[in-house]
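Scroll down for the structure; my scribbles are underneath it.
Going in written order, the chains are labelled A, B, C, D and E, and every chain counts its residues from 1.
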Amino acid sequence: MTGSDLIGMMILAAGLFAIGVFGVLARRGIMFQLIALEVALSGPALGFVAAGAYHADPQGQGMFILVLTLAAAEVAVGLALFLRIRRTAGSDDSDIISGMKG
Amino acid sequence: MSLLLAIYAGAFALVSGAIAVTRPNAVHALLYLVVLLLALAVAFFALGAAYAAVLLIMIYAGAIVVLFVFVVMTMPVSPESVTRERASLRGAWPLPLLLSVLILAPFVFGEFGVAGTSAAAPVSAQEVGRLLFGPWALAIELASLLLLAGLIGVRHIGRSDRTPRSRP
Amino acid sequence: MASLLPFVPVPALIGFLVLSLMPVALSRTVVIALGVGAAVLPAILFAPVAVSCLEGGCVAGAAVPILSIDVGVFVAQIAMSLDPLSMVTGGTVALVAALVLIYSGAYMASEPLPDLRRYFALMNLFLAGMLAVVFAADVILLFLGWETIGLCSFMLIAFYTKLPKAVSAGRKALITTRVADAFLLAGLMMLFLSAGTTRLDGMLAAVPAMDPWRLAPIAGLIALGALGKSAQFPFHTWLPSAMAGPTPVSALLHSATMVAAGVILLARLAPLFAAAPEISAMVAMLGILTAAAGALIALIQTDVKKLLAFSTMSQIGFMVLALGLGAPAVALAHFAIHAAFKSLLFLSAGVMSHASGGSTAIEALRGARYRQPWAFWSFAIGAASLAGLPVITAGWYSKEAVLAAVWSSGPCGVPLWLLAATAAMLTGAYAFRVVFVAGSQSADLAAPPWGGAAVMVPLGVLTFVAVVGGLSVGALIGFTGGAPEHIPLLPTLLGAAAPILGVVLARQLVRHPRELERVAHRLRHVRAFRIEILYYYYFVRRFRTIATVLGNADGTEAAAQAAALRRESIDAPGLAADDPLGRAFGGEAAQPDFIARATDGQTPVVRLVSGDPVGRILIVVARVFVGSFVARFSPDQIDRGWMGFAGSFGHAWEQARRLQTGRVRDHSLWIALGCAALLLYAWGTSWR
Amino acid sequence: MALIALILLPAVGGLIAFFIAGQGERERWVAIATFALMLVLLVAIVAGAPEGRWYAQVSYPWVPSFGISLDFAMDGLSASLIAISAGLGIISVMASWSEIRTQSGLFHASLCWTVAATIGVFLSFDLLIFAFFWEAMLVPAFTLIAVWGHGDREGAALKFLIFNAVAGFGLLAAAFALASMADHMTFNAFELAEMKLSTSVQVWMLLGFSLAFLVKLSVPPFHAWLPEAHTLAPTAGSILLAGVLLKTGAYGLFRFAPMLFPQGLAAVSPYGIALGAAGALYGGLVACGQNDAKRLVAYTSIAHMSIVLMGIAAGVHYALAGAAVEMIAHSFSASALFLLIGALYERTHTRDLRQLGGLQQIAPRFAAAFALFCSALLALPGTANFVGEALVVVGIFQVNWVFALLALSTLIVSVIYATRLLKGLVFGQPRPNAPLADLNWREYWPVLVMSLATLVIGLYPQSLLALLEPAIKAALVLPLP
Amino acid sequence: MTAAQFAALSPLVVLAIAAVAAMMLVPLARIEAAQAAAGAGLALAAGLVLLRVGAPAAPLGALFTDDGLARFGIAYACLASLGALIFLRTGVPAKEAPALLVLVALGAATLAGAGHAATLFLGIEIVSLSLIALFAFRLSRQGLEAAYKFLVMSGLASSALLLGVALIYAETGALDFVGWTGHGALAALGTALLLAGLAFKFSLAPFHMWTPDAFEASPASAAALAGVVSKAAVAIVLLRLFLTAHLPEPVWSSGLAALGAASVLVGNLLALRQPQLPRMLGYSTIAHSGYIALILASGAPRAAEAVLFYLGVYAPAMLGALCVSAALGRAPTLYDLHGLIKRRPLEAIALSLSLLSLAGLPAAGGFIGKLYLLHVLVDRGLWLLLAIVVAGASLGFFYYARFFTAPFLGQSHDEAEPLPRVDQGLLALCVILIVLFGVAPVVLIDVVRLALP
């Protein structure tokens, strides 16, 4: 694996992150934002694995596992919040829940 | 060869990601997310990180996306939400796109001076395991506590509403 | 006996302290006794000092050191001078003050008790301050006294505190003199810095060594200060309105003593001015200008106190003229004589107006000769002295000395003399105008006479001085170090004729208007070249026209402007709204019948509204200044600027909090923005 | 240690007053006792002072790693200002006896703490300790205005706080910059004064210091906080603000500007004089247009403090002596006027000159006191203010006669506003047209004391000047022009 | 594992056990039991750390550093969390809060010792996830809103952080801070993203948007955890990065300076006329983060000492203010504070003193903190940053002063029930500490010196 390959993987990772960011910014539905977050998180995952492969270092995969943990925990909490908000606010539109401002 | 595959798979993941975040229907979006994850797993394989690839499929595609699907199933997608998403996407895409491009631009146009070639040998699953249960034991313990925090949080947020609320 | 000198002002000061600060109620008698006694004691204390001085105890420049204060920065030496100059001036002040206060013991007796107490306290403080000015041999004592009398003047002019006019007049006096005082202070400071001592003799000793470029501004500043206190052009506007105070106050402060303080100062610093000839010339010019203009304006006054005020201006103008021409001794002689006859005039006018219902309008005095013959006659004697009727009055001697000094003062002497002589003639005219009016018959003679020893004694003494004092003029001049000028006979005779001409003119002016009509009628129908007709045609009518134009300020442009400004600047803060510079020169609040009489059928001579065109212009200028400049400062613009600046943050807050929309998308947008900015920056730094 | 006790005494006194407040007037007496004890202590220190400039000195490390130590020293200037602070403290308590009815404990505590902090300012020779007290005095003073003031008191208090606290940054930044230039970290002014700095550096440092001092002095254009703070504060607050707090600005400038930045001060001297002259004229002219008596007096404070600035900036012996005397003279005259106007306000509930008048008839003691202190306002000879202003002007004549004439023109403006005040209050028709309670003893004696002080200093300034002379000499570092 | 290693890790172990125990007690006992368990765990952990003051550092590998800084951070986190526990009033009968609170403390403790990307990441996420649950703890609409906003933004920020770490890792091949010595463009981009991720947790502008909402909607002790505990932990991470890592220089310092300056201005400006006490505190904490970031960005020799001192004086002030806020019910406004001095004198004084300290006025510890800030800025000649600090602090005086006087003004609106003894004790302690640090800062400086090499 050459340096330029690594750069290519990193650009892909950044691309995934950027797409995730786009998703969060452009979407209103809570579910879609959570999905976009997952997309965004997959970027660093790819980055870690690629960098670990480049350096032949197991720590990259170790970090990937931690990212996975976070993704799981975050999705769980996020979905719980989604359900709760749907129950409380009666909507899954994130723009609706903007009571606090200023 | 394998690297070409990795890049191809990564690009595929990128495209599926782009599709996933632009679907107005949640189920479609989830399916593209799964495609993304699978493509990513392929890329991991190609990079020699078989352990990570398996884990990705098992946990991410297997557990997390299922969780999503489960929630989507309990709360069916309403037609209004589809039209709302479509409308919002149509109205609000330029600024987010601009920002995403701006975030990506330094990577695409950057002059990275990473030279040389790495060691050929890929990282084996044993090495990963040794790492995780050796020097990284603390991290794993903490990861469990991270999950514990998530667990308590979900337990609290997801509690049933019938609990009386008057008591302080 | 000279060691008594420092104690001369002390009784007056004690009188002030007792009357003002003692937290004990005093009865009316005690107050009067204290007030009068404290004012008489200085005169008594001064007598032995004067005697010892006359015995040869004092020479020019002698001084009694009192104390020397080491203030760290410099040593302030306080001293009192014991020279002929201070003897003459001090004697005059002490004597006139004693007499005026004795008089006021009767004159003011009917005032409410607290006011009476205040009156005597202030008068005593004034006396102390005036004596300090007179005896000061150092600038500190001098300026202390100088400002004290200024403050007392303010308080006493505004004595009738309920009258807005009086308070305004007081403020006007204080502000005007304060402007002059600032000049004086500047001059004294520069002099002090050049000489390095606070003693006047030390300062004068340093004069010859001084750079003329430094000397001229010093002399100029001091001269301006002195002229301001002496109500000389262009600072004269405060004096006429100062007549809002009680009559004894006018008699003491605004005629005899305080306004002459400038003369005393100039005389004391005569060597300084001798070294600065251009300043002396300026002083002389201002003096003659004031003398002439004051006389002219006095001629057209309808109020006797105003008339006397302008007359004071004019007479002090004579003194200043003499000073400017380098004859301080002559000026001092005229000061002493003038103090006597001017206070006499005020006091007797006060008696007359007292019997005329309190009005000081000249017309109100009609018939005073029959109501109060003794007051009338003493007024007449005073007027004669003021006019300077030859030989028999003291005024003639001193004024003649001034005229002589003018005549012999070099190339410009003759034109100046002519002007001065004209002024002397006008003096006679305005002085006797009152006498003739007061001497004529009047319908109501019922007013009771008013008098008593407290009134008679001062009047008597002053009358005596006004008549006999002339004999001492030569001695006075010699005593203070001058030499009487000897001039040709012609100017002497002409100078003697001027007052007589003036009396004749006065006679014509107070003739009944119907007589004037008759003359005019005759002028139209009878083609006869009679001297009388020519006189009327060319002189009286023209004079009346001029006087009307000058006096009837209501018709002039300046007055219109002033009125307009007044209307506009009602809201202008500070000076304009409360009119500190005094608004009107209207007479004392006369009783209706007198006003009616004064204006009824007396057109147009009597209706010459008392006015002072030059002063009015000054006031208009001041008002414009206030309206356009000071008013700008009333809302504190800097403060507003700051508050606007602070308020802009409130607006910024309003705008900024809109960014905090509360929507997740927008919040995330900022995160993306931050990431993008940081990444772009990092990208930028990685360029090689 | 006595100096530290001098600061601690009011601080502790304030705490006691705060905690024992309740029924009765205990806290008032505690405050009075505190100030009286301070005066006693001060007299004891001065009486037992050794020969030389310093009556007492103490140094005690505070934050050794920063080189901050409690360096306190007292000379004649400090002592006289401290005496005034304590005296005005007593007077403030007496003046607010009937005015303050709510939260009296906190009020008197704030009073004590304000005085404590100002005394800290007057004693400190460590720049950071100076800054500490400098900012510390803002808080209780802010409380005084914000809680017991009139009208839009919160706005006024905020203005006061923000102006002064922001300006304090200039002081702090300059102090740190100065300390960082020393070879070892120290904030001791004596040690810092030994440094040889270039003129331009000195000018920058001086500007930093001056920012704080000028705002506290309230020289235009930094004066905007003062009129409202003085006008809306309770009487005691106005007295302390005018009598003590303003003086800290003058004191700081007087003490530290020549000591630390002699060449810098010389370089900016003309600008300082010009600023002072402009400020004095501006303050006076604005004062002429005020209808609120207290506001008018507040603007006159601006004018007088600008004169102090001129004196210090001129830097010659006369001017410095004048500035020092003017500082003290102004404490008496302005405080007395605020006290009188406050007492009047309590009786009539107005301070509008157009609605008042004729005190001559209805309250002669008021009238006499007003007359005296208005005379002091217009710097009549015989009052302490004249000594100060005349010396300042003499000094400026030595430097530049144009500025001196400008300074003299302020005397002319002063007569306009002083007589306006007199006319509005003392003369005219009696308004309110009813008998007005004259000064009671709690107001009468302070006024009497301040009158005597004004007159004694005015007629016999020798003793005061002798007291101040060492400090003046120390500030006299500029070469004569 | 040696005894020394165990001793070094014992606080984390104790906290973990306490968290689990508090969780286990939820179905078994009343909330007081969970609180007691949490309190005991926190106190024990703090005690264990304090016992080891001065002990030699135990070799724990790259993941966790056992040095003075870590001990300071752990003790700080435990004690501050203990303070937050005292006024933990959630308003719902759910009993999970103490466990979550201990988890926050655990995350913060992890961060304090984090010398490696893994522990950094885990610490941050433990804190974040616990905080999400705590923000939503009332299950009110506002609480859920705040939690959701935090979740989404935290997810984005975590992604950024991770991507940044991945980039640095790609360049340097190291995940421990010591190994981060990259100078290439990858490392520069990585540093930028790392900074973004940390800035979010540190609530620096423009990553601050969650802070005021969280302060307003959540229980005050959750705000305290977010505003004090986690913030201090992130500050220590930043400090450790500053001390040990060699990140690409212009990006790190200038980025931190820019974020700090923006926070100072934005935080103070947005707080300017904010009528709600907790929301105002939220904005104010943004500004304080900005100050700390500026200290770090200055790179002055005393920056480390300054940061720790600032944190030290910041904790009692913020805790005191939030405790009072908690006692006054949900989201008290300026108006609610009126007359507080009559109703509850201790709270009024504590609030005023806290705000005084936050405003940086003397006799309160905040003044010395401000001195440190000015010192480091002047020391490095950063005049522009100094001007920004002055501008921000000037705005700060305005809103602090408004809240400062409110308790003394007006009439009280209602009669409040007396505060529990522990709360009173906490307030008294805060008052004492604020004044102590203001009058005798040497006490705290000595502690800080102990924590630094």
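By definition in this document, contacts are C-beta pairs under 8 Å (C-beta built on N, C-alpha and C of every residue); 3 or more make two chains touch, one makes a residue touch a chain.
Protein identities per chain, from UniProt: A = NADH-quinone oxidoreductase subunit K; B = NADH-quinone oxidoreductase subunit J; C = Oxidoreductase; D = NADH-quinone oxidoreductase subunit M; E = NADH-quinone oxidoreductase subunit N.
Because the structure is a prediction, the values reported are computed rather than measured.
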Any chain that touches chain E and chain B: A, C
Chain at maximum distance from chain E, centres defined as averaged CA atoms: C
Taking each chain's C-alpha mean as its centre, the one farthest from chain D: B
Chain nearest the overall C-alpha centroid of the shown protein atoms: D
Pair with more cross-chain C-beta pairs in contact, given A-B and A-C: A-B
Centre-of-Cα separation between chain D and chain B, whole angstrom: 68
Whole-Å gap separating chain A and chain E, where each centre is the average of the chain's CA atoms: 26
Whole-Å gap separating chain D and chain E, where each centre is the average of the chain's CA atoms: 42
Chain B and chain C: spacing of chain centres that average the CA atoms, whole Å: 99
Residue list for chain B, restricted to those that touch at least two other chains: 92, 95-96, 99-100, 103, 106-107, 110-112, 114, 136, 139, 143, 146, 149-150, 153, 157
Junction residues of chain C, two or more chains touched: 657, 660, 662, 664-665, 668-669, 672-673, 675, 679, 682-683, 686
Junction residues of chain E - those touching two or more other chains: 118, 122, 125, 129, 132-133, 136, 139, 145, 147-148, 152, 156, 160, 170, 184-186, 189, 212-213, 398
Which chain pairs touch, all of them: A-B, A-C, A-E, B-C, B-E, C-D, C-E, D-E
Interface residues, chain D side, partner chain C - complex: 159, 162, 220-221, 223-224, 227, 282, 285-286, 288-291, 299, 317-318, 321, 358, 360-361, 364, 368, 371, 375, 378, 380-382, 386, 390-391, 393-394, 397-398, 401, 404-405, 408-409, 411-412, 415-417, 419-420, 423-424, 426-429, 460-462, 465-466, 468-469, 472
Sites on chain A touched by chain E in the complex: 6-7, 10, 13-14, 17, 20-21, 24, 30, 33-34, 37, 40-41, 43-44, 47-48, 50-52, 54-55, 57, 59-60, 62-63, 66-67, 70, 73-74, 77-78, 81, 84-85, 88-89, 94, 97-100, 102
Residues on chain C engaged by chain D in the complex (per definition of touch): 20, 69-74, 114, 118, 140, 143-144, 146-148, 151, 154-155, 158, 161-162, 164, 167-168, 170-171, 174-175, 178-179, 181-183, 185-186, 189-190, 192-193, 217, 573-575, 578, 580, 629-631, 633-636, 638-639, 641-643, 646
Contacting residues of chain E [partner chain A, same complex]: 117-118, 121-122, 125, 129, 132-133, 136, 139-142, 144-148, 151-152, 155-156, 158-160, 162-163, 165-167, 169-170, 173, 175, 186, 212-213, 216-217, 274
Contact footprint of chain D on chain E as seen in their complex: 341, 356, 359, 361-363, 367-368, 370-371, 374-375, 378-379, 386, 389-390, 393-394, 397-398, 401-402, 404-405, 408-409, 441-442, 445, 449
